[in-house]
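Read through the structures below before going on.
You will see two complexes here that share chain A, one where it goes with chain B and one where it goes with chain C.
After this line comes the complex of A and B, so read on.
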């Protein structure tokens, strides 16, 4: 793609999310979502094969439906309150419709079906933008309407997302689908605590984006999109093998690493609000996630995965230089002692 | 009938939406889009917004829909689908019509309708003049406000249109 046009379109994606995050008028928020959607379609379609076109079409259809539902919720809110500001949603029906629309945009269950298919059909870099940047805008709107969200609907969607994200990722060997299911599960964790303490949602979003950025960049660095291809990194760049191990365990939420911080704080906040069964269930279902991360680490770092002799040397073009990879790796594994700094997120 | 003109126009609006949502071929979808655009313009004009209604006719029907019609005419097949040619299309169209007819009967018969928002029968749809519109018409003041207080909206929509053109060129380039 012409670099000037590519820059313009990428900047429009950023501008769309910025408009969503900084507007106080519901119509501008809707405009920001649509601008974001419009501009990300050519980024998803960077390579022109039928796979990417099908993935972009699916993404466009689901997100456009979600925007329409959002517009309907905005209009019902307008009818009942007579004003367009975004402080509080004044009508339960509008609140439910808006929550469903934003859940469709995020990829929460029962609207999660597009996430693995779209993520699989696009290139790794586009998948990176899809799973990290595109989650910022809907989550910021959920944060802003969090006092008026119906708790039952949101918690149902959250728990089902954690279950689907863990269970659905179990049979996958394609790395992009694994990351998609991981994204569904993490979105579930984020929305579970949204009504109780939205600051923890933001913390989880921050740490999730760092870890997902790291994982995708490690995949781009080793040009691997399947588990088999990833298991050959030990003879090309053995250091990335160790880093993949550490980052994957951090994504699974294991204690001395950063990924444990959001899960710990979320479970603590939920138990402070006297719900015991829910965080127990969530923690148990996070084990499913941990299982397939560990399977990735087993085949990649912990063993020399069996392959025929002519596959032992991994053939790829020259190693890509990935900016910001070392700081990201450090941040996604070593941030746990900084947990008391959580208070600055208020 | 003139008091209920907005209600009648809204019913025709919904029926034409059903007409193109039941997916006949695009050229016939464009046909009912013309009808729905015209009827929508009528609804806006009845609320006092004559400028905006004529803008709908000019820009939407006369600009966008004409271009859509020409491109569809270039790309259409030899025997395009009508509503009665395919059983599925006819079935969906009749189902939509049936639901609209039931809704209209519900609104006409009952005193108060409380589906998502309450309105009491057909009476709430009638336009009446409160007589308090002041010296200038509200809708022209709204258009003026778009270009003064709403400058940011103009910038954003202008940028979206430019990026829309770039996006469409990129998507249809096809390597």
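After this line comes the complex of A and C, so read on.
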């Protein structure tokens, strides 16, 4: 793609999300979402083949439906409250419709079906943008309407997302689908604590984005999209295998890595609000996620997976340049002792 | 406490910056020096704890465990030298780094005051152990072993996290220094029963309790020697230590909640001892004997009398040293024959007589011969369980007999009899191996002269 055009389109995506996050008028928020959606379609289709077309079409259809539902909720809110400003959405119907629309945009169960298929059909870099940047805008709206969300619906969606994210990822060997299911599960964790303490949603989002960025960068570095090709990295750059191990264990939520911090804080917040069974269930279901991350580490870092004889040929290719990998790795694994600095996010 | 923790952390730059021929020498020497620092903690002036700061303390229960942990690192390094000798330098350094990281987390676990900090470090010990088992183990079953180890422990400990946080909500603080004074009886309700279960299951899985012990034979057998040593000697004791700490907060539910676990432990110790008699794999035999000894510790902790606490603490230290020594001996066989089958390496007394002496001493302490501290531990546990209920003496007596049976069986199979014809080309014992056994045995024998330092806080 012409670099100038590509930059323009990327800037439009950024602008769309910024408009969503910074507006106080509901119509501008909807416009921001549409701008974001329309601009990201060419980015998803950077390689022009039928698989990408299918993925982009699926993404467009689900997101457009969600935007329409959002518009409907906005209009109902307008009818009942008479104004366009973003505050808590007082009308329960509008609140439920809005929550469903935003859940569709985020990929929460029961609207999660598009996430694995879209993520699988696009390239690794586009998948990176899809799973990290695109989650910011809906999450910011959820944050702003959080006082008025129906708790039952949100918690049901959250717990179901964690279950689906766990069980769905068990049978996958394609890395992008694994990351998609991990995204579904993490979105579940984020929305579970939204009503109790939205700051922790932001914390979880921050740490999740860092870890997902790191994982995708590592995949791009070894140009691998399946578990099998990832298992050949020990031939080319053995250090990458250690980094993959650390980041995957962090995503699984093992102490003392920083991935444990959001889980711990969320469990603490939920327990303080006297729901005990829910965080226990969520924590145990997160072990399913850990299982397929462990499987990935087994084939990549902890064994020297059998490979073909001409692995030396891989040494001749240039490694792709990855930006900011060292700070990302440090941040996605060593942040746990900095937990008291959580007060920054308030 | 930083005077122990910071030098241990500094062992990591030491390994990475050492020259190729100095890594083992440097790390072993400095870790021995660090263990000497920790010996000063054994001087406990009174029954109260020595509080170093708000975050670290040491009391008569954690000081012997801490000394055992720091004593074991140089021994692990000495034991690993042979099987790592053919690996490239970076991998050797990685292995030592994993051991050092594990050591740091263990030291901080045993001295933590805040229970959530204890929990985080308790979980943190899983990661280096997992990497040691799955990366440096020798058979393909090690992958499965690592998964079992990780998931059994995590499944038990996630409810513990929730339980600790809810206790913090109720009482305001989880700092152990405060809790021992603030302690109130837990009201009687269903949710407190679940709270009791959530608190204890993590440690039950770690000990392990008989029904949840499936991970232990796998993990012990598949781990390399340092992994086996640290698993048997220290990581199991983390469970016992945690139980001893947390039962102070859990009265009065313990009086009736403990029954199922007591039954499982009493039956389990007989079962696992009996399985030992039928094992062909040497490491597996030692692993099951660990389950059996730890079942005694579980019985002692759940009875909650002063004598049983003394017995539990003494038994933990004694079993740590004995079990680690047995794994080292089994490893010396494995390095020569590359097989763990017992009958393939029999009749060693004629070939390696000094090693036979160490085998004899290890087996004798394993079967709790007087006056070793193993006996003191077991005797206190047997006596206190007799006072709790007279019938348990039958089971305890049977267990002691079967323990003697399999320890002698192991000794006789590996040492006595005619050697096999394929075994006369094994290398003689290295000085390193003899030093390793001596360093295991000497504390064990010396402690029988002054056992009061390992008898814990109810002495």
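Everything below uses one rule, namely that the second predicted complex is superposed on the first by the 335 of 346 C-alpha atoms of A that agree within 3 Å, B and C clash if a C-alpha of one lies under 4 Å from a C-alpha of the other, contacts with A are read in each partner's own complex, and residues count from 1 in each chain.
Note that in this section contacts are C-beta pairs under 8 Å (C-beta built on N, C-alpha and C of every residue); 3 or more make two chains touch, one makes a residue touch a chain.
Here the structure is a predicted model, which means the values were calculated and not measured.
In the superposed model, A:39 lies in contact with chain B only, and not with chain C.
Of the two partner chains placed around the shared chain by superposition, chain B is the only one that A:76 touches, whereas chain C remains out of contact. In the superposition on chain A, A:1 contacts chain B only, with no contact to chain C.
Once chain A of one complex is fitted onto chain A of the other, the partner contacts of A:303 are limited to chain C, with no touch recorded for chain B. Contacts of A:31 after superposition: chain B is touched, whereas chain C is not reached.
Contact with chain B, but none with chain C, is seen for A:93 once the two complexes are overlaid on the shared chain.
Once the two complexes are laid over each other on the shared chain, residue contacts for A:287 go to chain C alone; chain B is not touched. The residues of chain A lying in touch with chain C in their complex are 245, 249, 254-257, 260, 264, 267-268, 271-272, 276, 279-280, 283-284, 287, 290-291, 294, 298, 301-303, 336. Across the interface of their complex, chain A is touched by residues 105, 119-121, 123-124, 126-127, 131, 134-135, 143, 146-147, 150-151, 154-155, 158-159, 161-162, 165-166, 169, 191, 198 of chain C.
Interface of chain A with chain B (complex): residues 1, 5, 8-9, 12, 15, 19, 27-28, 31, 34-35, 38-39, 41-42, 45, 48, 76, 79-80, 93. On chain B, the positions that touch chain A within their shared complex are 116-117, 152-153, 156-157, 159-160, 163-164, 166-167, 169-171, 173-175.
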